[in-house]
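In structure tokens below, several structures.
Each of the two complexes below includes chain A, the first together with chain B, the second together with chain C.
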Partner chain A sequence: MSNSHLLMKAGFITSPAQNGVGRYVCQLQRVVLKFCKNNGSSRGVRDFIESDLVNFAKDHPGVVVYLKPRRHRGPVIVAEYLNGEKQHVYCRNFTSEVVSKWLTLLKNQQGNHEGMRLRKMWHTDHPSIQGPWTPYTFREPSLNLAEFPNDKLSSPASLEPSATDRLIEAFKKQQLKELE
Partner chain B sequence: MALQRQGLNLLRRISIHGTTFTNRTDVRSYKRWVAPTLKELNIRTKKIGDTGEVKPTPRSSFLEWNYDAEVFAFGKRLGEEFNQDLLRKALMHKSYVNLQELQGNAVQSDGNTDLIKKGEDIISKYIQLELSKKYPDVIVQAIHNYLTDDNMLSHVGVHIGLKDIILTPEYPPETATIANTFKAVVAALEESSSLENCEKFVKDFVLAQLNGKEVFDIWEPEQPYKYLKGIKSDIEPRLCNQSAAKTILANYQVGIYSNKQLLGLGWGESVDVAKDMAALNVIQKIYNIK
Partner chain C sequence: MVFTTAVNFIRSRGPDEFWRKRKIFKLAAHFQGRKRNCYSITIRYVHRALVYATKGRKLKKVDMANLWEQRILSGCEQHGVTYPLFKESLSRSGVMLNRKTLADLACWEPQSFKALTDIAQARAAQDGLNVSKSLEPPSGVVTRGMIK
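Here is the complex of A and B:
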């Protein structure tokens, strides 16, 4: 993460208000195309408006399309989403195909995605399926029938021979050798 | 605080030493985070302005605003055929009508008060009907209250795009206002098409909010063991296991039995907690809560 990401919004990919669980609602609620009628940098946007915009509006009746001509300013697409977010796309010198592609992208996404840092590349609402571990999870089944007090269960699981034990063993070995 | 100090240090370095950046006894290097942070702070300060609070501008006050198109798109967005007059009536609040009449403007409709009442009934009835197919009355009531709460309905309302097209004097509209408008829209839909269609709408937008929620997130008896005793009297709690008693990691497992049959297990840091957890486990099984 670099310093330019410090104050960036961070989060996980979510769908707003369970969109798509019941029915899908296009999250783009309105789009404003701002352009200049004379300037060459708006050429692509003007072409798009002339040729494809009516079809776009017909195909997506749920999106309100506004056109805002303004003199001597660069062309911009402003997309407004149902969650209140806005995304500006500057389309200086774009061709009409590129404008169309950007508009499709803006229509398909569910909010302003520029300037969001994904906290992780994966996310789950259910981190564990089997539940929290307890001391009784995966316990030896034979313990259910054990009777207490139990010498075997009372002793440590692995018991190293003590110094005394080793001495005794060494002494016994020595005695065996002497016998031979 | 640290940020201000850093900023001051930067200023001091520039003002006192002028163009000679040789003396760096106080700061070891340039902190790369300072510039982006100051830029962001500057942007936010400008946004707030002198008043100290961000005042939202109503979208309807913009030059590019066409109320007819917005209302038309609202219906299309939801995939429903609304009667436009009814939809407009549903979006117009009594307070707005009163205000217009005070200002001497003629308004056709008399507000959405009756539609709100009707929509509330439809939503309420349908949710109860759907939930009672699966859950007992207590849980139905709890989930119903959760779903028909103003916060929940306004959350749904905002996410279908009501916020900008509600006709009401206040901006931004309050939670209760958005929730009421949502109810009115449901009633308008019922009058525009059919009750069946309207119930589908409620199912898709209101009931769908239960996705990813568990019943115990919404409803939980305060004293689970007592509650369980109320619905099933012949139960008997037994300590099944314990581990690390009298330590900070103490853990007890309690099972609830009825007629020598194990009904459910639960564990916790004390026997009482474990007993309540076991009771919850049993309630989950009895009520078939997944």
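Here is the complex of A and C:
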């Protein structure tokens, strides 16, 4: 997702793994349904209020439901969460099933993540299984007991024989041949 | 008496000016001084900021690629294998890992990365790559050449 807007919230993906382990606390505090009494765009919200709203309120006693009839304005659902976040869902020309689905989503959410830029599309608590690389991962532990200055450790790791060494070796070989 | 001519001299530039300018000011909220408050100055710096953002999208990809390559190079060199040899041997062995994955392995799974360098070394020894400095095949790696 792109950072197109300066005031966009940005965060990493989180999973609400703790809520429900001991006890589940519904994070939705209150839900305000604003609708017009006779405009056609609020018809779905009005149908929802007549049919399913009381069931929703009974099923979730921890959520406070407010109804605000506001003439000549578009229908809105405002959800407020326990951490103070607010989410507005503009439900113009929604059907009542769509309204009830949105309410289910608002109830199940842990907060408002709309408009949040995800910095990474993945998250892991354990990025490494073998242990992350450190400068000591591939060092021998005998280095801890080494005393410096140390001839062996101070010499280069891979030292090829120099030209002088090769000449000396060739001379020795020749001498051995002569002896035979 | 009502003089309407004086009223007609008031020039209204349109109702949307506030919101047209607000769109620009919102992008400049973190600028300093007049660049944040005066429209005709702000618009110039907002345009530059947007151009930098456009250019930066490409540069980010280039930077990340360079970072991955540097990390893989460092990991290889620690185990005595050069980077081009590593890539060639891995691709010959059928290990089609991209640079991002290899860099992640080098950082987070160092033992797996060592195993990959061992595979590369064994394949290089088998194929006869890197003739100038021939690598011995490491112990613990079984290649197809050995089985045949």
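Points worth noting:
Just so we're on the same page, the second predicted complex is superposed on the first by the 117 of 180 C-alpha atoms of A that agree within 3 Å, B and C clash if a C-alpha of one lies under 4 Å from a C-alpha of the other, contacts with A are read in each partner's own complex, and residues count from 1 in each chain.
In the analysis below, contacts are C-beta pairs under 8 Å (C-beta built on N, C-alpha and C of every residue); 3 or more make two chains touch, one makes a residue touch a chain.
From a predicted model like this one, the values you see are computed outputs, not experimental measurements.
Contacts of A:149 after superposition on the shared chain: neither chain B nor chain C is touched.
Shared-chain residue A:141: touches no atom of chain B or chain C. In the superposition on chain A, A:129 makes contact with chain C only, not with chain B. Of the two partners chain B and chain C, more residues of chain A are touched by B. Of the two partner chains, chain B is the only one that A:82 touches; chain C does not reach it. Of the two partner chains placed by superposition, only chain B is touched by A:61; chain C is not. In the superposition on chain A, contact is made by A:7 with both chain B and chain C.
Shared contact residues of chain A with chain B and chain C: 6-7. Looking at the complex, you find that chain A touches chain C at residues 5-7, 127-133, 137-138, 158.
In the complex of the two chains, the chain C residues touching chain A come out as 26-27, 29-30, 75, 78-80, 106-112, 114. Interface residues of chain B, counted against chain A in their complex, comprise 32-33, 35-37, 40, 59, 63-66, 69-70, 72-74, 76-79, 155-156, 158-161, 163-164, 203-205, 207-209, 211-212, 240-241, 243-244, 251, 253, 267. Taken in their complex, chain A has these residues touching chain B: 3-4, 6-7, 16-19, 21-23, 25-26, 29-30, 32, 61-64, 66, 68, 80, 82-84, 125, 134-136.
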